[in-house]
Structures are given as structure tokens and as C-alpha cells.
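To start, the structure under review is shown below, and the notes come after it.
When the chains are written out, they are named A, B, C and D in that same order, and each has its own residue count from 1.
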Amino acid sequence: MSLLPSDTPVTLMDLEKPPEDDVLLRSLQHLITARRINDQAYALVRQGRLAVYPSSHGQEACQVAAAQVLEPGDWLFPTYRDTVAAVVKGVDPVEALSLLKGDWHCGYDPREHHVAPHTTPLATQLPHAVGVAHAARLRGEPTVAMAICGDGGTSEGDFHEALNFAAVFHAPVVFFVQNNEYAISVPLARQTAAPSLAHKGVGYGIPGQRVDGNDMPALLSVLGAAVERARSGGGPQLIEAHTYRMQAHTNADDASRYRPESDVAAWVDRDPIVRLRSYLTERGVLTDAIEAAFAEEAARVAEHLREGIDQDLKINFQDLFAYVYSTPTTQLEEQAAVVADELSREAAP
Amino acid sequence: MTAMVTHEKLSMAQTLNRALRDAMTDDPTVLVFGEDVGPLGGVFRITDGLTAEFGETRCFDTPLAESGIVGLAVGMAMNGMRPVVEMQFDAFAYPAFEQIISHVAKMRNRTRGRVTLPMVIRVPYAGGIGGVEHHCDSSEAYYAHTPGLQVVTPATPADAYTLLRAAIADPDPVIFLEPKKLYWSKDEVALPDTGAPGIGTAVVRREGTDATLIAYGPSVPVALETAAVAAQEGRSLQVIDLRSIVPFDDATVCDAVRATGRAVVITESAGFAGVSAEIAARVTERCFTSLAAPVRRVTGFDIPYPPPKYEHLQLPGVDRVLDAVDDLAWEQ
Amino acid sequence: MSLLPSDTPVTLMDLEKPPEDDVLLRSLQHLITARRINDQAYALVRQGRLAVYPSSHGQEACQVAAAQVLEPGDWLFPTYRDTVAAVVKGVDPVEALSLLKGDWHCGYDPREHHVAPHTTPLATQLPHAVGVAHAARLRGEPTVAMAICGDGGTSEGDFHEALNFAAVFHAPVVFFVQNNEYAISVPLARQTAAPSLAHKGVGYGIPGQRVDGNDMPALLSVLGAAVERARSGGGPQLIEAHTYRMQAHTNADDASRYRPESDVAAWVDRDPIVRLRSYLTERGVLTDAIEAAFAEEAARVAEHLREGIDQDLKINFQDLFAYVYSTPTTQLEEQAAVVADELSREAAP
Amino acid sequence: MTAMVTHEKLSMAQTLNRALRDAMTDDPTVLVFGEDVGPLGGVFRITDGLTAEFGETRCFDTPLAESGIVGLAVGMAMNGMRPVVEMQFDAFAYPAFEQIISHVAKMRNRTRGRVTLPMVIRVPYAGGIGGVEHHCDSSEAYYAHTPGLQVVTPATPADAYTLLRAAIADPDPVIFLEPKKLYWSKDEVALPDTGAPGIGTAVVRREGTDATLIAYGPSVPVALETAAVAAQEGRSLQVIDLRSIVPFDDATVCDAVRATGRAVVITESAGFAGVSAEIAARVTERCFTSLAAPVRRVTGFDIPYPPPKYEHLQLPGVDRVLDAVDDLAWEQ
């Protein structure tokens, strides 16, 4: 089954059983906030207040759906591009962005909302998701792990090993590939010669499905069903969402070197927010008042983000040495003393 | 060494197996997995009987993929388990290198201590068994150079037990390097309390006053043998067994070298930028004024591990160590 | 298309166009020699004259076919288990076994017969095969690379990366998986949950096929066609041959710890040599005289092997240092001098 | 340093690009591939314009898989090509570790010289650019410790050109480490003949008589700056740029240290069992009687590379090196 319409990308799929209106209203709210976070973060980079930001602008439906279909006890494994998914799962956006502000690597407590630290080495988080899910299963817990990666990430050896382990151990993992057609500058055609990335499930005995990654109801439906299959003993699931990276890889990237603007323009009409908004408006459940409330909430989050990122960092040199091991080695204590001595001499008149 | 009356003559393979069994008995979150560790009991039989005793959810075979094995362990450790994984041979841990360097070593630090990884990666390592290529690598330097890892290697059956139990109990990851050629060496051991110290402590294996031999893992018996031969020639060599490469026991090592004023470091691994270089450098930094001669290194040559019929030329042996000792400026 | 009969394993497939009789007679000759080499090597291990031998006993049809379908200019990438395939491709069996005798690692010149050094780190030879094939293609040469791995090897990340690279670059590689049901002690069910290993092609856009690995004509037909497709621009091919490891992993292994003898017994009737012999006998092309000549040739090769392995090794310590770099570093020269000095003192009276 | 009249002010990124372009022009078997090296020209633009100039069979993007990239290069090198591959960042070379250690480093040796691998693995490495985690690792020790690899790292635009050309021309594999923070540093350079020596030769970057600073890659500018400051304080520090970690130029380094009698080794990487340990150990072994003080190491701390706002604390800087120099037993 594919929920990806080949030729009608600007409307939504006809789902037999579309998500309830209130669920979709919540999605829209998340989408609007998500977009706002993306754009705010982008602006903060331009202002030099964030070092870099890999935006999910245009991919927000994937982001929101990946988190929205999870229970609080489920685990999310995000990449560097999935800040917004982490936020929907509960992480404070200021904490989620502290890595990119230059503060400590993982700004949040992964155990609080069951969101793994965002992972940069591609596909390496996927075996972790299998481990978390397998451990939960051994303990009889109903946890599902949602493991995200990009189209580029599917080429790494760890993608292969993770899917195979999950299949062999029948671990409750949903592998969610956000196919945004690019890995930095490298287009999908250089990444795979397979008919789709969902076909990669076949070699592991994992059911694979494609879905329009800019169709919020379809995503909720497909990912929600996958999570429930995984939870109820159906083993791992592979979902490929076809979406598009609307901006450069990060603000440090220059996409004009490898793709024409016209390619991007073709995707503007498929914007997931526009599509969900018109769907809900047509159904008569989205009022101006609700829209206004959503916009206000998004503005509030953006302000919180701005303020949080503006906070001056308190650099504590001890932090360098405090977390390497649970008990610092004598070597690290000596090294910390070197810095302490330097700083005290600097501070001295 | 412990003065305790020992109860059983056991090989290192047996005490490692006992350590796993006892840890699994004491703590239901301890899991063992890897390649062929289940019904076969591992190619060295270190996990012998564990699947039969604890069931195959506690000790199980995985698909053949080392990065997957270590990655799975990371995830399980994130979620309440204490995985002990086996890499089948030293060189077959290399596919897991990214997981080890970028995750195992860094998870605690990058999450500011919020996610800890109590896990052990067991690696049979080093040579001396006539193994073919890729089965005899001394890979300790790769791990020892990586901040965030603890690197431990026993040289006796008693240490094998105590250090493996300590590694499994440790809140942080441990690379546990097992010298293959010592798997079958036997010793009287009292279990579970061998009297051996935990991770981070070196021990003096033999007292001596003229020079200090510093060794670990497979090189400890070489050092002891050298000291025995030297004693016949009238030279009193002290032998230190590091046991733990990271954390490094500066106090024990430096006290020893300051007392003798001379030191030889022995490792099987290639010398260049290896652990022997670190030992020589740090001992020199800390004991310079006590040194009558530069710290000498006797190491494997800087060549890929050679074929079986050539390995006797590669491995540091008694004569080569004695030559190094002879070089320690005795005329002064 | 599958050439694997599900229920009639002891007869051969009905092929539309079976290989010519003279080709099959050559196969039989190779098979008989191959079996003889396997058994001779095994005996040499028992006598302590070889350190270890991973035998392909029972898998000889795969071994012979993999080499027989290649042109001299084609490359073969064998694993530790594929000594016999290397020999069929032209390598002297004594040289092929010198690694296992304890002599220098790769006993043969890989460039002479286009046989890569047998590879032990699993699946790592597969990307090399892609590189050799891609380089040939860039130069316009008609070379095909035949890359062998085991069922266990398919789980490694390098398997994934190699197949994907081959597909994306359309490289003329035939990936030949000898599924002998075991990776040391680990049965296929612990290796994959896929319907077959041939299904792994799907995720790369590579055609996958299964074949009875003990059916010589079927193997020649399937592998031969795959090689020709690859050669004529059809891109990479994946072939899974279902066979069985009749002996322990190596003589150092104790298979009784993980599989009952009765499992092995079930495969005795499917012996590839017996099956090909009766086929050729039925067709009337195999005479006693030919059989006798084959046996004599096999005996000759076995004798050559025994004699070669019996030769005392001349250990030359300089070899340790001579091949690390094209020009030894001063460090290696110093280290060689240490050994030279030791040996000269030993030799001194 | 070369006294040659220079022609252009070029950055290291530009001379690296020129080296690739010139090598590809001179030798049709030279190929460049990796992640984003094609139309984008690499994330650091080192391969800028190569696809346009040489076509996409000569410079091309691969699927995103580092083990595959290195493995492909091995195969292509086996079959007549001279591949130059780019690892996007230091830590993203780790997935290729098994290919590098078990094949790239060993192919020549295990085939007794019958199969050689003329290939270059370019790795942008080290920190100082405010990069986030996994983008600032100093990974040189992993390679330097592995017999069979050559490990080279330029500190100037001229060396970048000459060493990269030499690496590409070399019959054996070279790990070519590019200090990211120096990509944009400019210098007057004459191309193609920069006058710089080839692989295996260290150079004295600044003459001095009181002590020798030994550095490579990203630490060379730190050493030079330190020497400049020290000169104002009346201390004459000599600066050596190793350029090539393997092979190591013992002669130049030891001659220098014997003359000054004092040495400080500076590296960004974690100190423990790193290249700095090797340098300290071998200099001490060879120059012991000339040393007035133990060789001091100023290195990164033994911690995972810290977040951008903390990196100034981690990186060896002028003050920290001066402190080490002050420690060199001047009262003697």
C-alpha cells in the first residue's frame, strides 16, 4: 500500500478513516508553531545568535506527525534536522537549540521526554532505537521507538544493521525516513537506484510504506498505524515520507550551486500547512478565532526562544571535566587544576 | 599479589565465564550478546553455558554486524540494561569504531551526565596464538586515546574475574581487552573475592630494586619471565602490571620508577603512538630527575601483525627485554 | 524468477537451455578436484601441517561455478572459504593455502589470475569488487567482478554499502551469496527475517535471484547469465545460492554444540558431485575412462598440494619490514636492524 | 622556508584545490570522489570546479557511506586508478575505520607488495572553528598508530600544495589531514614548485636557541605565535613543523632538540596515547643526555571535544605553551 499520490500532490489523500478533527486541529497548531520555530531559528542565525540551523522548513508535517503519534513513554530518536519533532515531543525549544548556540552538546535531559540526544553521525541513532525498543520489550513494557533518518542516511551501514537487527529481534521500532530529496547537495538519484526507499524494507522482512510527507492526515494515519502495529507485536516498520528540503542544508550551505530555484518553487504549493489549513477550513472546523489563538501561541514560543537564546551563557570550565566519567580520573583532576590555575592567574590583577 | 589461600586452579577463560555468570545471577539487567556467544558459548568459550543457564533473552546471538551489536548495546544501556557484548576478535571490532568513538565514549559527556552507558565491550586481543591476519591485532591504543572510555586488561585469572565484575558494575563504559594467549593460563583463584583491586589500580607483580618493567595484559608474563632470568644474572627487576590503561595509575607507576631510577615499558602493540609511548612520556615527565637513563620501550614493530611463522620475531620476548634493560646506562 | 526447486532438491532443475555437455564435463572435473582439495586440506590440518581450514566441502558447485563462468580478465573476490574457487580461477592451491600454513598472508599474486586476496573481515571485499568493476568500466574494459560472501556476511554494513554503490554506479558486479545456512554457529534465522537473501536486492534496485547451490547446471546457467547481464551493461546482480556447510566452520569448530548431525545427514543426498555425475551418466557423456582421468588429475593436484605444503618455510626476517611501504621508513630500517643484530648474536658461537 | 619569490597570495583551501586540479590534469588516473565533492565542490570548497573541469567520471559524488567510499577507492586503486577521497569531517571517517585499518594500511604488506594502493584519504580535522560535536576531532593518532599508513598534515598553503601532490603521486596510501582552521589562512605561494620538501621531512619554521617547540598542522601557528611572544620576553624559541607524522623525521627533530636541550610538544588532540606522547617518548629516548628538562606536552585535555563556547579552554594557546616553556628547568 502506498499513500503517496503520484500526480495530485497539492490535495490530500482520500483516507478511508481520516484522523479526527480535533487531532488535526492540534496538528495544525503544532505545524504553525513548528514553522515559527524554524523561521525564528533561521533569523537567529542571520543575527549571529545561533551558529547554524538545519531547518525543517517545509518538512513540518513529518516533524509533527512523528511526535504526535507517540505516547509519552515512547522514545523519539531525532537527527540534527528534527529539532521541531523533539519540541512537539515536549522538549523546550531553547534547550533543543542549545547545541547550536554553542552551549553544551545536548541541551535537554533525554530521559525527561524520552527524546534521545539529536544525532549527527548519520544513521548511528538507528541501532540505539533498536536497543531501547528491545530492552523495553524484554521488560514487557509497551514502548515504541520512533527513529528518524534522512534519505542520505539510508546509505550508511548502520541503517542496514539497525533494520536487520530490528527485524530479527522483532523490536517495536518505526523507522521513519524523511526523504527530502537531498543529502546536502547530493540528490536522491545518487543515493539509491531502488524504486523507493520504502522498498528497502523488503530485504529485512520489514513492511515498507510510502506516504506523502506534506500530507498531515496521511502521515498521522500511516505513522499512527505503524506505531500501533509495532506496539502490538507486529515488529519493526519502515515508513518513507516523500517531502522536500525547501531551504539550503543549513544556512551555511549555498543550494544554488546544485539545484535551481525553480525546483524549489514547484514545492511551494505543496506546503503542508497550507494544505491542512484549507482541509480544516473546508470542513468548517477551523475558525478565525482558532487561527488567531494558534498564531498567538506560536508567537509566544518564538519569543521564548529568542529570549532563551539571548541569555548569556555562563561558561563553567569545570563542566569540561565533570561529565567524562561518573568519577573524574586523577588525570582529569590534574587537567582541571591547570585550567583553574590559568583562570585564577588571569583574574589576578 | 593476594596472600589469600586460593581454592581452585582456574584458567582465565574459566574465571571470565564465572564473572559473567555471577554478574548475571546478581543482576537481572546484565545481558550478554554478540556473535556465537549463545549455544556455541563463544569461539573461546567465554560465554559457555550462559544461554542454557539464563535463557536466550539474557545471552543471545545477534546478526553478524559489529556496529549493530555495539549500537544495540548503547540503546539497551540507555534503557535500563547492562549489556556485555563480545567482539569476536580485535580486528572485528573495527566496524564498530564509529559507535564506540562517537557514542559509547561520548554519551555521558554530551548529555551532561543525564544518559550514562553502563556497558562492557569485551575484545579478545593481541597475538601469540599463531593466528592468521586480523586475529592478532593489539588495538588498545585506539581506545586508550579516546576520552570517555575506560580500558582494562587483565593478566591473571584472578584479575580477569575481579576486573570484569568491576567493569560490569561500573556506571560507565569499559573496553575490556582479553589477552587471547592467556585464556588458557591457570592459577589458583579464590572466587568471588580474589582480593584483587578494582579498575584504575596497578599492582607490583614482583619486587625489584634495579629497574622497573612496566607491562599489561599479554606482556606481563614476558616481564615476569625476564625478571626471573635477570635475577639469575644478578639484576633485580621490579614488574608492574598496569591492569587498567585508562584510568592510569600514575601513583603506583611513578613511585616505582622513582625508586629504581630506570624503566622499560613492554607492549605487544606497534610502538609508534601507542600506549607504550604514553607510559614512557608520562613517566619521564613525572620522574625525570630520578631517571638514570631514558625510559626504554620494547614493543611490537611498526608493521602489520605478521603471519604465524613470523610472529616470534614480532613479539617482545625475554631476550629483547633484557637487551633493553642492558641499555639503561648501568655504567653511571 | 527462482531456480530453486522447493521440494525436489536431489534432482536437477529442468533448464530450458542447460549448459553444453562439454562445459558440464569440465565442471565435473573441477568438482572432483575441488572435493579432493577440500578433503586433502582437511587431512593436512589433522596432521598439523596446516593451521586451520575453512572447508567448502558440499559447496563445491558454488565454488566451481563462480570461477567457471568468468573470463580470464574478470576478477574474483573470494572469502576465506573460497580457496577452491580461487584455484578454479587459476591460483596454485599451494599458494592459495600458504596463509593457512602460516606463511605470508596472501600466497599468490592477485594480479596474475585476477583473484583478490581472500578476505576475512566479512563483507569488506564487496566494496573493493565495486571499485575494480567501476574502474574497469571507466576505462571501457569488459571486466566483471564476481564478489562472494556468506549468508552471515550479508548482515554487515559493508554488504549494504557495496550493493548500493554498485547499483548507483551501475557497476558490473555479480554479488554471489553462498547461503550455507550457518555463520559459524548462528543459523540463518538469526541472520535475517527476510523471505530470502536474494530479496535484499530489492532495496538497491538490483535484480536478485535464488538458485539451488548444489545444482551445477542451474548455477552455471544463473551465474553465467548474471555475468553476461553485468558485462553487457545490465548493472550489478545479486545471486543467492542455497547450499549447506557440511562440515564444522573450520576444524577448530565443534558443530555438535549447535546443530544435530541429522540436519547434516539430510544434505548428503543433495551432494552436488553425485547429482552432476548421475546427470552426465544418464546423458551418456560420462564414461569410466573420463571418470578415471578426472580422478587421476584430482590425485595429482592433491599430491602437489601435499608436497607444496610439506616444503619447509624459509623465514626471512627482512620480509617483515620490506612490504609495509614501497620504501621502508627510517624507523622500519632501525627496527630491522634490531632483529638483524639479535639474529647475528644468536648465530654467533 | 623557501626563499623563492612568490607569485600569488593564496589560501590553503585554494592551494589544495590547485593541487587536485594539477594532479588531475597531469594524470588521467587521478579521480576525486566523496560526499558533496561534485557540483557543490565540497563543504569546504576544496574540490570546487573539478567536476565542471574534468567531468563527472573524474570527480563525483557517492552515496552517503564512508566505508563504501574508502572500499570503492581500494578497489579502484587495485585496478589502475589513483583515487583521492574526501571524508567530510574527521569524525565521519570513523565508519571507514575497518576499511582503513584492515585494508588500506595492510594491502601492500599482505600481498607482499603485489597489490599496492596509491590512494589519498583527505580528512578535514581538528578544531578552532566553533564547530559542533563530531566536527572537530583530532583523529591523527588513530592513523599514526596504524602501521602501513602515511600520515601527513600541512600547516601552510605551500605545504598543502606540495604535500598533496606528493601524496597523490605516492605509490602507497596517505592519510592527508587538513587543519580546518587553516583553510582560510593565506600566504604568498609559487606554484607548482613551492620549494617545500616532500613527505617525511620536517622543517624548522623559526630558528631559536633556548628551546624547541614541536608542532604540526593546526598547532604550528600557535607555536609561531608563542615564539614571537617569547622573543619579546627575551627567550629564543625554535619552531619545528613536522608536516609528516608518519614517516617521522627523527633527524630534523632530534638535531634541533639536541641543540636547544629543551622541548615542548604541542598538539590539539587529547594527550593520552596521542602523537604528542610518541614525540615526547622518542625525543627523550634519542636525546636524553642533551635534555635539561623533561620534554613537556601541551595538548588538548583528555575529554571529548567541547562545545564551541568552551573550545578556547581546550585548545593549546600561547599562554599555556609559555607556561610549559617556563617549566623547562631554566634555573639549571
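Throughout what follows, contacts are C-beta pairs under 8 Å (C-beta built on N, C-alpha and C of every residue); 3 or more make two chains touch, one makes a residue touch a chain.
Note that the structure is a prediction, hence the values are computed from the model and not measured.
Trainee: Among the chains here, which has the CA centroid at the largest distance from chain B's centroid?
Mentor: A
Trainee: Decide which interface, B-C or C-D, involves more C-beta pairs in contact, and give its chain pair.
Mentor: C-D
Trainee: Could you state the distance in Å from the CA-based centre of chain B to that of chain D?
Mentor: 31
Trainee: Whole-Å distance, chain A centre to chain C centre, using C-alpha means?
Mentor: 44
Trainee: Taking each chain's centre as the mean of its CA atoms, how far is chain C from chain D in angstrom?
Mentor: Chain centres of chain C and chain D, defined by C-alpha means, are spaced 40 Å apart.
Trainee: Just curious, how far off is chain C from chain B if you go by their C-alpha centres, in Å?
Mentor: Here the centre of chain C sits 36 Å away from the centre of chain B.
Trainee: Could you list which residues of chain C touch at least two other chains?
Mentor: 104-105, 121, 155-158, 160-161, 164, 168, 190-192, 319, 324, 329, 331
Trainee: Would you mind listing the residues of chain B that make contact with two or more other chains?
Mentor: Expected reply: 62-63, 65, 67-68, 91, 94-95, 98, 102, 109-110, 133-134, 147-148, 246, 248, 272, 301-304.
Trainee: Could you tell me which shape the graph of touching chains takes: line, ring, star, complete or other?
Mentor: Complete.
Trainee: Which bits of chain B are touching chain A when the two form their complex?
Mentor: Checking each residue of chain B against chain A gives 31, 57, 62-63, 65, 67-68, 70-81, 83, 95, 98-99, 102-103, 107-116, 147-148, 150, 171-172, 200, 246-248, 250-251.
Trainee: Which of the residues in chain A come into contact with chain B in the complex?
Mentor: Going by the criterion above, the answer is residues 75, 104-106, 109-111, 116-117, 121, 124, 126-136, 138-139, 143, 145, 157-158, 160-162, 164-165, 168, 319, 322-326, 329-331.
Trainee: Hey, which residues of chain A end up touching chain D in the complex?
Mentor: So the residues of chain A in touch with chain D come to 51-52, 99-105, 120-122, 152-153, 155-158, 183-186, 190-192, 253-254, 257-258, 313, 315, 317, 319-321, 324, 329, 331-332, 335, 338-339, 342.
Trainee: Which of the residues in chain A end up touching chain C in this complex?
Mentor: Contacts found on chain A: 155-161, 164, 167-168, 170, 190-195, 199-206, 235.
Trainee: Report the residues of chain D in contact with chain B in the complex, numbered from low to high.
Mentor: Where chain D meets chain B, its residues are 67, 91, 94-95, 97-98, 101-102, 105-106, 109-110, 133-134, 137, 141-142, 144-148, 246, 248, 269-270, 272-278, 280-282, 284-285, 288, 293-297, 301-304.
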